[in-house]
Every structure is written in C-alpha cells, then in structure tokens.
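Have a look at the structure that comes next, please.
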C-alpha cells in the first residue's frame, strides 16, 4: 500500500521534470516545477506515514501510538510555504520577462549566453 | 729569455720567408698550369716591399689600422703554438682547439678593418667570408674531434709524437676520413677556388680587401704568408706525422732535417690545394655551404664516430 | 632571525618596494643600487665564511612549510653571478629606467633569482622561481603584451611542470628539503641495484625527469622551448635584460644542476650511461646542442639588435646545457665556468645595447651604423664583449669555451663536438653582423650628435668588461672556485694556466705573445709612410662619386645567402606551432562556451537531468 | 729613425717589378688585355697583375677613348690610388682623340686632366707595342722619370682648373647627387 | 557572556529585516545607514563569537528553545562556522557601504530586506546543525538570491533570475528528496546524529541519499554542469550582490555539501561521492577557466573565474586528506577576500564608467589608479603568484592532491590556471598599458579604504600567512574531524 504513495510521488516528480525539460512555454515550466515540488512533498509525507494511523493532532483519543510521525508533516508545511514563495517570485519574474521580451517562449529568452 | 727571443725571431723569419715562397710557388705553379712562364718565385716579396714603401696611405679610422695589426699579431701568435720540428717555443701549450681558434681569429681582424672602411663591397665580402667560415666549421670541427678522440689528447705536440710510433694519422681509417675533410676545408682557409667567392675580384672588387692599400695591404701580405705557412704546418703536423728527426748527432742538423721534412709535407699539402684551385670554378656562397654541409661533413662525422668507437 | 642569507635574499625586495613607494627621482635610484649592492657585499663576505665552514644555513617556517636556505660552493658561484651582473644591471638601470615600476620588479626578480639559488628545499625553490618569473614578466608586460604573455605562459607552464614533479617527489619521499630527497633517492638507487623494489617506478622517474627538464628548459631557453626568449629579452628595458639573460636564464641552468644533485644517482641507475655521459644527461646535452645551432642561426638572421642578442643568449645557454649534460666533473665545471662567462659577456652586451638604444633611440640595424667614432668608450666595451663571446683568447669567453670543448670531446662525443664547433663559428657570424651594422660603415646623418654612454652605464659596463679581461688572463681564479665544488683538483694548473692533463691553456702566455705579435705588427705599421684619414664617402665605388645620401652599408638581410640556404628549415617554426596551439585552444574554448552556456534554461535543466541520470546509473 | 733613402733602389726595383694594374677597359683596347695576360705574352713574368681595386694598384691603364662621363670616374679612381702611381694611356684616342678627333663628346687630351706617364700610339696598338710601353715605363720608374703622381700633386691647381672647365665647379658633388632622385624613387617602388 | 547569545547571529538579521518597513517610514535615506548599522552589529557579534570559539577552543552550541538535540534544533558554531560567519558579516558590512553608491533602483527597502535575508540564510547554512534547518536556510538564501538577482528589473536581470529559479528549484527539490530518504532510513534530522548512525545505514539508500543531497547542493555550489545559472546571475545582479554571491553564498552551499558528505565518512558510499566531487570540481575548473578566456564583459569573466576557483576548492574537499581540507578551507578564505575585492572594484568601475565591459578598463590605471591597483593585486593573487595570499592555498592544495596521486587532475587544473593567467594579464595590460582618452576620476574615499584594506589583507596573508594559516587549520579540523563534531553536540540520550 505504501509503495503506491511512493510511486505516486515519484511519478509526480518525473512528470514535473518532464514538463521542465520539454515544454517551451515558461509558465508550463513553472507549473512543472510546482508539480515536482508537490511530488517531493508527497514523498516526504509518505516517509512518515504509518498505515492505519491518524493525523498527529492532539485530540481526544489520539496518542503517540495512534498518530503518524509528525515531523515530516511539519517539514512539508515548511516546504509548501517555501514552494509557494518560490512560485510567487517566479511568476513575478515571468511577468517582468514578458514585459521585456514580449514572449514566454524559453528558447527566445536567451539574452545572457556564452 | 734572450734565447727564446732569438728563437722566436728566427722562427718568424723562417715562416715569413717560407710563406712568401709558398705564395710564389702558388703563382708559378698556377702559371705553369696555364702554360705561362709566371713570375719569379720571390715576386710576393717584391710586392710586399712595394706595398710597404708606398708614399701615401689612407685610413678609415683607428679600427682600420688596428684590425690589420691585430690580424698579423694573431697570426704570429698562432704560429708560435704550432710545433715546428724541434724548435717551436710554445708547443707544450699547442692545444688543438686553441690553434684552430687562433688560425681563425686573424680573419676577425681583417673583417674588422674591412668593415670599418664602410665600403659596401667590403661588407659583402665580409658576409661571404663569414658564411664560408660557418660552412667549413662543421667538417673542421668533426675532423678535430676525430683527432682528439683518436689520440685521447689535445696537445698537437703529443699527437706528433704519437704518430712517430703508430704511424701517420692518415694511415688510420678514421683519421684518413678526417684528413680528407680537413683538406677540403683547407681549400677555403687558403681562399682558393672553388671557395674564394668572398674575394671575387670581378664581382665585388676583392671583397674585404677592396679598401686596403699601401702598408695595410703590405702587412696583410705578410700575414697571408705566415698564415699559409702555419696552416700547412698544422696540417702536416696533425695528419702527416710532423717531423721528429733524431738521425743526426748534432741537434742543429736534426732541426734542419726536420724542417726539410716538414717543408716537403707542407709543399705536398700546398700542391693539392693549388691543383684543386686551378682546375675548379667558383661555388656561390650557398652552394659552398650546401657542399660543406653535405659531403665533407658526412666524411668527417664518419671519421669522428669511427674514432670514438 | 636575521641572518646574512636572509639579508642577501630580501634586501633587493625591500629596496624595490621602498623605491616604488617613495618614487622620488634620485632617491629611488640610490635605494635600488644599494639594494643590489648589499647582497653582493654579503656574498663577498660569505666567501670568507665559506673558507672556514662548508656552508651557511638559514631556515624559516611559514604556512606549514619549513623553508631552508643553504649557501655552499655551487650556489655561491651562481649567487655571485647574480650579485655581480645584477649590480651592474641595476647600475645601468639608473640611466635607462623610466619609472619606479621598473625598479620594483627588477629588484624583486633579483630577489627571486637569489632565492632560487640559495633555496635548499623544493618549496622555497618553487616559490622564488615563481617570484622571479612573475617579476620579470611584469618587466616585459610594460613593453609588450604579446611577448610577455608568451613568456609568462611558457614559464608558468614550466613552473607547473616543476610543481607536479615536486608533488610526485613529495608524495613518495614525504619531505621537500634537498638533503632528504637526495638521500632517499640515493638509497632508492641502491635498493634498485640490489634488486629490491624501488620507491619510484621507471615511468615515474621518466615523468619526474621530463617535467623537470621542461621546467628548467623553459627558463634556460632550451630548444624547443626557447620561443619566448627572443621576444621577452628584446621587449624590455635593455639594462634589465642584462640581468634577465645574464642571471635569470642561469636559474634554468642551476635547475639542471639540481636535477643532478637530487635525482642524479637514481636516474643514472634507471637509464644507465651513454658513453661517459649518463643517458638522461645526454638528452639534455643533445637538446643543448640543438639550442646552440638553432639559436645561433636565428641570431644571424635577425634585423633587430635586441633580438640578435636574445637569440645569441639562447645559443650560449646551449653550451652550458651541453656541458651539464655530459655530466663528468670536468664538463660540469666547464658548464658552470661558461655560465659565469656568459653572464659576464652577455650582461655586458645587453648593457651596450641599452646604451645604444638610450642614446640613439633606434633598435634596428637598418637605422644604425658608424657609431664607433661617436661612442668610443661603448665601442671599447663592445670590442671586449665581442672578443669574449666569439671566444677569442685571451678573454674569458675563450677560457670557458675551451674547457667545454675539451670536456665534451674528451668524453668521445663526436656529435656534440661537431655541434659546439658549429656554434662557435655561428657566434662569429652574428657578432660580425652586429659589429658591422652598428659600429662600422656609414653613419646615418641623424646620429651625428650621438653622445657616449652615461656615467652609470659606463661604470656598469666597465665592471663587467674588466672581469671579462681578468678572468680571461687568469682563468685559474675561477677554476680554483670550481674545483671546490667537487673538493678535488678537476682542473689543474696555476692561476694563469688550466691544465687538464690532455690539454693546456695559459691565459697569461697567450696575452704576452699576442702583445709580442701586435708589437711586431705595429713596428712594421709605423715604419710605413704616414696615413691620411678619409671619409666614408671616399671609398671605391667603381669610380662613382657618392654622398652621405647614398646607402653604403648592407642594412637589411645581411646574411641573405644563409637564409636562402636554410630556407627549408626556416619554415619550421616552433613559435608558430605554439601560437597555433594557443589559438586552437582559444577557439575551442569559445566554441565550447557557446555550446554549453547557450542561454537556454531548458538546456541547463537538461544538464541537471543528465547528471541525475548519470548519478542513477552510477549508483546502480 | 732608419734612413730609408738607403733602401730607395730596392724600393724602385720592387715598384718596377711589381706593377699592379687597375684597368679602365672601355673601347677597343680592352680586347688587347686578355692576350697580354694569358700564355702568349704573359705579363705576369714582370710581376704585373690585374687588380680590381685602385687602392692597391700602381698602374692605371687607360685602354681606349675617354668621354666626359668616363673621365669623371677616371679622375676619381686615379685620386684613390696611393702614391707612387703611374698612368699608361693606350692607343691614340686618349692621346689626341684618334678617330674621334672631331667628336663632340670625346676627350681629346687626357693629359690635360690627369698626368700620363707613357702613351702608346696606334689604333689599336698591338700587344707587342703595349709591352714595349710597359718596358718603357719600367725604365722610367727605375730612373725616376715616371713622376706623373708628383706632377699631379704639384700642379693640382692646373689640373683642377682644366677639370672644372670641362665639368663645371663642384662636379663631384653634382654627379653624386644626380642619381639620388632616381634612387629614392626606386626605394619607394620597392616599398 | 553566555554563549547562547550567539543565536543573535540568526535572530538579528531576521528581526532587522522585518523592521525595514517600519524604518522606511522615517524616510528612504535612512534605510541604507540602517542596513550598515545592522551589519556592523552583526560583525560585532560574529567577532565576539569568533573570539569566543578560538580562545576557548570549544564550539558554541546554541540550543533553540533549550531543547537538546535531536529533539530541538541546534546551531553549531565551531571553528569553521565562527570564521565564516565573521567573513560573511564583514563582507556584508562592506557591501552595505558599497550599496550606498551602487544601488539606485527602487524599492530600496526591499533591497535592504533581501540583503539581510541573504546574509541570514548564508549564516544559517553555515551555523545550523540540522539538515532540514539547513534546507530552510538554503531556501531563504536562494529565494532572496533569486529576488536580488532580478532586482534591477531589466530584461537580463529577470532572465537570470528565472534561470536561477528554475535550476535552483530543481536542485532544492531533489535535495529535499535526499532529506526524505535520510529521514526515512535514520529517523533523525540532526547532523551529528546522522553522522553517528551513518555507518549503520543501508549502503544503497545512503548512497542514493548522499547523491541527491550533493546534487541539490552542487546547484548552489556552482559545480559544473549544474552551474549554468551562475554566470548569468553574477552578471545581471547588482554589484554588491555579486560580491556576496561569490564571497559567501556559494561557499555556504559548498560548505553544506562537504559537511554532509563528511558525515558519511565511514560508509562505503563515501569514496564514490568523493570521486564524484573530484570529477565535478575538476570539470568546473577547466570549463570555468576556458569559458572566461575570451569574455569581453569583465564581470562575467570574473564570474567564470569565481566558478573555477570554487571548483578548485571542491577538488580540495574531494581529495579529503587533512592537508587537502586545510588547503581548501584556506582557499575558501583567500578566495572570499580576493573575489570580494575584485567584484567590488569591478562593480565600482562599472558604476563610475557605465559598464563592466573591457572598454571601460582600458587605461584604467590613469583614470582610477587606486581601483586599478586593487584589481591588479587581486588578479595577480588569483593567478597564484607568491607573496600574495592565494598562492599559498593553491600551492598547498595542489601538493595535497599530488600527495594522494591525483596527478592527472592536478595537471588539468594547472592547465586551466595557465588559461586564467592569460585573461587576467590581458586585463592588467588593458588597465595599465593601453591608452584611453577619458580623464581621471575622483575615487570615493570609503571604497578606497575598503579596497586598500582588502589589498593589505591579501598582501599580509601572502607575505606572512602564519596567523591565518593557524586559524584555517583549526577550522578545517572542525570540518574534517567528524568524531569530534559528534562529541561536541550534546545529543539527548548519548553520553558524551
């Protein structure tokens, strides 16, 4: 069962990577990046997941024995925040780029080279 | 001290006289080959006296005078180091390399004098003379190397003494090769055809000599005479066994005999040079260089390598 | 902490920095001269010390290294060369140096070369080597970018080769000081001789030797690594070139000796002997012989006075390499003797060139001529230098060359013998070219008011010329010091005489008889009628009247026939080869850069993906 | 000092027996030189030797007609020879113009411009005649009457006047400069 | 003072960064002086920590919230971190001074914030003792770096920033995967504990994790071919930021990489990873130097040169003998000094004369003698001339590499150094010996002082490297001696 999560996570990472490597549109690349991050986050979560347990929130009846490992979840929260920040920044830059180059085709944004 | 001075003076006198005779012989033999009568044998002496007695001389500056004097002085110096039968003064220091150098440096004096005149022919002649020197140096060097390696010593006198026991140098194959190469070199050292492009008279008006006249030329005649004597003497000593005569009881007789023996050998060397010189036309300078860097070099190098083995 | 060796090494550096910082005309010259004089004074003083004790030692710990300095007989001689010629060159610079920049780097390079000579461990050796290279490079950079870069690249190439060799030795031996390395390698050779496994394999030995050969060969200007020398020697302050060529190139020669000292036994064991010479030495000697020929021939074909002497330097260094390569005690002594005499006469030559350029502002032969009348003192110096270089007895050039000839030929080395004979003739050839074009013949009218050498240059030239004559007449003075290296009488004889057993040379005797000959000739000369001085226009031009507007001197292509004879060989140029390689690398770099950093972020992402892929494959 | 007069006869003998020739070989006279020097007549018997450079030559051989252009060269070359020097004019042309007696551009009297010691008449003089002239010159040298070089020195003013009359003042300088524009032009073309 | 105050190193820039909007109300002119003040205080704290560490000889362990690791996150300010935090602070301080002249694009308050965050991130990366915390600091550094790269808002700047974002994003993602793998198999995130448990880990997983971590950090540390963003970012970012990139941001990444790799010293994966680093490092040196060869933009040239030098440091760490690590750390310090000087001077020239292209540098010796002198000293130093600081580290590094028989690699590196010499000396020649018509420019006093200070440092270290060498040795031991590291961190449940 757990391998399904891993499989899913790795698929997401690869899909993201695929998007980055093949799509020429900048926005699509950024989407790919986001997908990849999601995949990584999923992987991280899966690492701490124990089959059949609940979320590690201190509620009625929840003991450390019934909860999954809380640390990955904390980590993922941070990672998500970071991912959002990155994406936001990237989109800002993308807007800027579009203003300057009038295109989002990554093959045409090649002012700096050599 | 006085003895040495007298001895040196006598050697000098003998060498000069014989040198003039050699020059005369060259002219006579050349004339005979041309089927001419030719001048008397003392003609070079007359020429020299005439040149020295000129009543007006010109100079182009201090170096012009000094170069000429230096040439003669250096030739005399070289002469003193070459064993002359039993009478040479400095033969103990008669090092092969030293003599080879000393025989070349008079030319430096002449070049200095010639070039300081500022005549373009002289410059051209100097250039040709130097390139000839460069060309002959390779076979010459190998020949000397062969000698030194064969005998294991650099002392000319010891080489002469060694030849008294092992026979003349030219009877040994390596040294025979060296001698052949050296003889070809000698042709250029004498300034005879086919290697006399440096003083080509018709083309560059005697090259380095063009500006010399009067007493400068006279001194150079003396220098030429002594050099001719010294060069043939050197060759006779190192390749033809020199002359160590001990047959007579009196040292004076021995000396005279050895001088006579040497004279015969020197004349033989000279004759070869004359014959070659008379029957060959001139090489241009690059032809001469190519020639020297080909056959004589190969011969001499073969000799040197054989001697080294 | 303060030790005379330290003062010897660092006095020039300190003086250079001071002169540079103060930068007041007059004072900086004084500081510079003092800075060069101090090492000389201490070295002379060290002579006294060395006669009572074998060596003077000094060590300093820095950055985890312990730098050892040791002054003993061999490097005392080399350091004296540096001291004397360096001092003369610095004196010359008083006249010719234009700004404090030159003082700084000239003196730093003096420090560098002294450090190289005195260092007793490889780290110090390397560091001072770099200092020397760098400082001399900066001297050239000021004058010519291309020449300096060529010099620097080849030098640093050599230095890096040395660094790798040092590293290999360090890895195996674990120490950098000469004594330990020498000992370990000696033991290694012994071990090999007894059939046990050696520390260094054969290939490693070849590698180390090859790397050292490249390193020192570059500095010495050994064929085919000489290509920097003509440009670098000519494109800098010519007074400095006296030191550059006279002293700095000796660092390469000294390096070759260091090969002998450190690796000699081991290499000899590994490769055996060729005749009397060790095989590895024979390689050095053969390359040295080629250097003589190539340098000499190219010197004869130069049109620029500075280049001529640059090539001449290369050629002369060839002799030294031949001597070192043959590797007998005698030949090494001869080589060091020639190093001394080369430093003396080539230093003198470059000072003369500096004077000429300083006074006339011309460097090419075509613009010069007839200066002998206008610069008699300089010409007198040049005369001494010419005779010395051409190997005319009784000057020092002949004494050393003679020793070298005897040493090489006595060991039955016919090929090398032929090479050095050729070299001495080619020496004549290019010197006459220089003499003819600069001193004699017609003087261009714009040089009519040329003055003679300025005082500092004249003094500097005087010192060197005097030494040329003294060491020539009394060659035993040098031979005595050389004998101390081996601790036995390799070169016999007295102060005036060199006696090898199979050859003798007496400087004094030759001088006396030369004087006798000159007197006889002079008597004949003075008995003749008086002479009248005529101008250069009154020469025989087939009867044509000429004026000074006519060109009466062969100004260009003096040795044209030689050029034609050598046309085939002259087409081969290592300089061009290296330049092509350099250009090729640059083009490659350019292409590669445009392909790799092509600006597309997607391509960059691909790089990442490929690395990931490789990592994945490599992990499995 | 040594009294050199004592050796004067020896010197005279040497001068007589060692005449080195610098030859001015224009005109038909030049063709007479080869037989003179080669095996048929062999002048070297007398120690004579052709010589391309005037500095070491004694005898100046003028072997044909002289024009103003060549005369300039002759004068310059003559002045280059060291004393004592002798001039042997060869054939009628230098003597009196010969067949060019009325030519507008030939020198009729060479001895107006340089001193001539011996003149051999004839058009052309045969080698025997030339040898005779040389013999004559030798005799003159021995008895001291071949004193052209002294005359030239003593009467330089007169010779100079004649030369200047013919060529104009400062002719050497002018003659030298004449070629400079041409040379410069050539230099430019080479560049 | 209580060593726990060292947490101020992190806290101060963080809070000051969030104070910037408040300060902005007092007027825009106050912001940069405020920045200077903060960095000055930071320098003071760093100096204090430095003194503390080097006098006591013991690292400062800061426990966040008083929890003992591995439960709590700890900061580990050992010898290396103390040294580097000081360098970061000092360079940042210099750069704030520089920013006053160099930054004229709005919004200046954002610049100040990002600046502080960049400093914070780098400090954190070096000081932290927790791998996820490391990730967070790395992301802080990265995001502020992205933003600062694009700060000029020109097309080029945005492009460079975008490249940086995409590549950095991929890198950090995989880093996180690596962290996940580590955590999955070891159950801890504390570096010391990871080191302790490393040898018990499944080798394959360890190798995979390590490879991914190295991959992620190599993007930050500019190892070829993961460094494609670097030249663009260096070229396009504001000049002070370039200095910071070169002087410490990259080095922080490298440090993190090496720290993590060395934790796995006892695992079978270690040698493989070292080889990887060696290969990447060598490639970086060679390609970096070759790429710099024909650059006409001096800043870009320096960027490539900087990349190459980082490669050299990586080679040093890859050799991983104590001598090599000593040398590599020494090189890090030297390179930080020299590149700070170079980028500062070049940036100054670019500001004054309009562009960092080679034309501006022609005749610079006449126009701006002091700046030209500073660049010259820097260039000479980088090329590796004795009597200048980099010589010692380079020399040591190569000797160390040769000592373990990496002759081929050394030969390649030396070949690349030759190339380096070429372009630097072309620059020097252009500055001093080529003519230009422009007139002399008055040089700013503050910059002159900074440049002279750095020049003096270069020469002093070059002539007498002893003190710095001793510091560096301690720092390197801190990095290399993992056992000591484990011992120093008071792990819960592990008796010391």
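Order of writing sets the labels: A, B, C, D and E. Residues in every chain begin at 1.
In the analysis below, contacts are C-beta pairs under 8 Å (C-beta built on N, C-alpha and C of every residue); 3 or more make two chains touch, one makes a residue touch a chain.
Since the structure is predicted, the reported quantities are computational estimates derived from the model, not experimental observations.
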{"item": "Intersection of the contact lists for chain C and chain E", "value": "A"}
{"item": "Graph distance between chain B and chain C, where chains that touch are linked", "value": "1"}
{"item": "Most centrally placed chain - per-chain CA mean versus overall CA mean", "value": "C"}
{"item": "Contact pairs, highest-scoring chain pair", "value": "B-C"}
{"item": "Chain at maximum distance from chain C, centres defined as averaged CA atoms", "value": "A"}
{"item": "Most widely separated chain from chain D, with each centre as the mean of CA atoms", "value": "A"}
{"item": "Inter-chain centre distance, chain A versus chain C - centres from mean C-alpha coordinates, in Å", "value": "67"}
{"item": "Chain A-chain E separation of Cα centroids, rounded to whole Å", "value": "27"}
{"item": "Chain centre separation (chain B, chain E; CA means) in Å", "value": "79"}
{"item": "Approximate Å spacing (C-alpha centroids) for the pair chain A, chain D", "value": "113"}
{"item": "Chain B, residues touching no fewer than two other chains", "value": "53-58, 205, 210-211, 214"}
{"item": "Residue list for chain E, restricted to those that touch at least two other chains", "value": "162-163, 166, 170, 174, 231-232, 291"}
{"item": "Chain C, residues touching no fewer than two other chains", "value": "527, 538, 540, 542, 593, 597, 599, 601, 605"}
{"item": "Full enumeration of touching chain pairs", "value": "A-C, A-E, B-C, B-D, C-D, C-E"}
{"item": "Partner chain D, residues of chain C touching it in the complex", "value": "527, 538, 540, 542-547, 549-550"}
{"item": "Interfacial residue positions of chain A with respect to chain C in the complex", "value": "17, 20-22, 24, 29, 106-107, 109-114"}
{"item": "Footprint of chain B on chain D - complex, ascending", "value": "4, 7, 10-11, 13-15, 17-18, 20, 38-39, 42, 44-47, 50-58, 81-84"}
{"item": "Chain E contact footprint on chain C (complex, rising order)", "value": "62-64, 123, 126-128, 130-131, 134, 137, 141-142, 145, 148-149, 152-153, 156-157, 160, 163-164, 166-168, 170-171, 207, 585-586, 588-590, 592-593, 596-597, 599, 601, 603-605, 607-608, 610-612, 615, 618-619"}
{"item": "Contacting residues of chain C [partner chain B, same complex]", "value": "275, 370, 372-373, 390-393, 398, 402, 405-406, 409-410, 412-415, 417-418, 420-422, 424-426, 428-429, 432, 435-436, 439-442, 500, 502-506, 509-510, 513-522, 524-525, 527-534, 536, 538-542, 552-554, 558-559, 561-562, 564-565"}
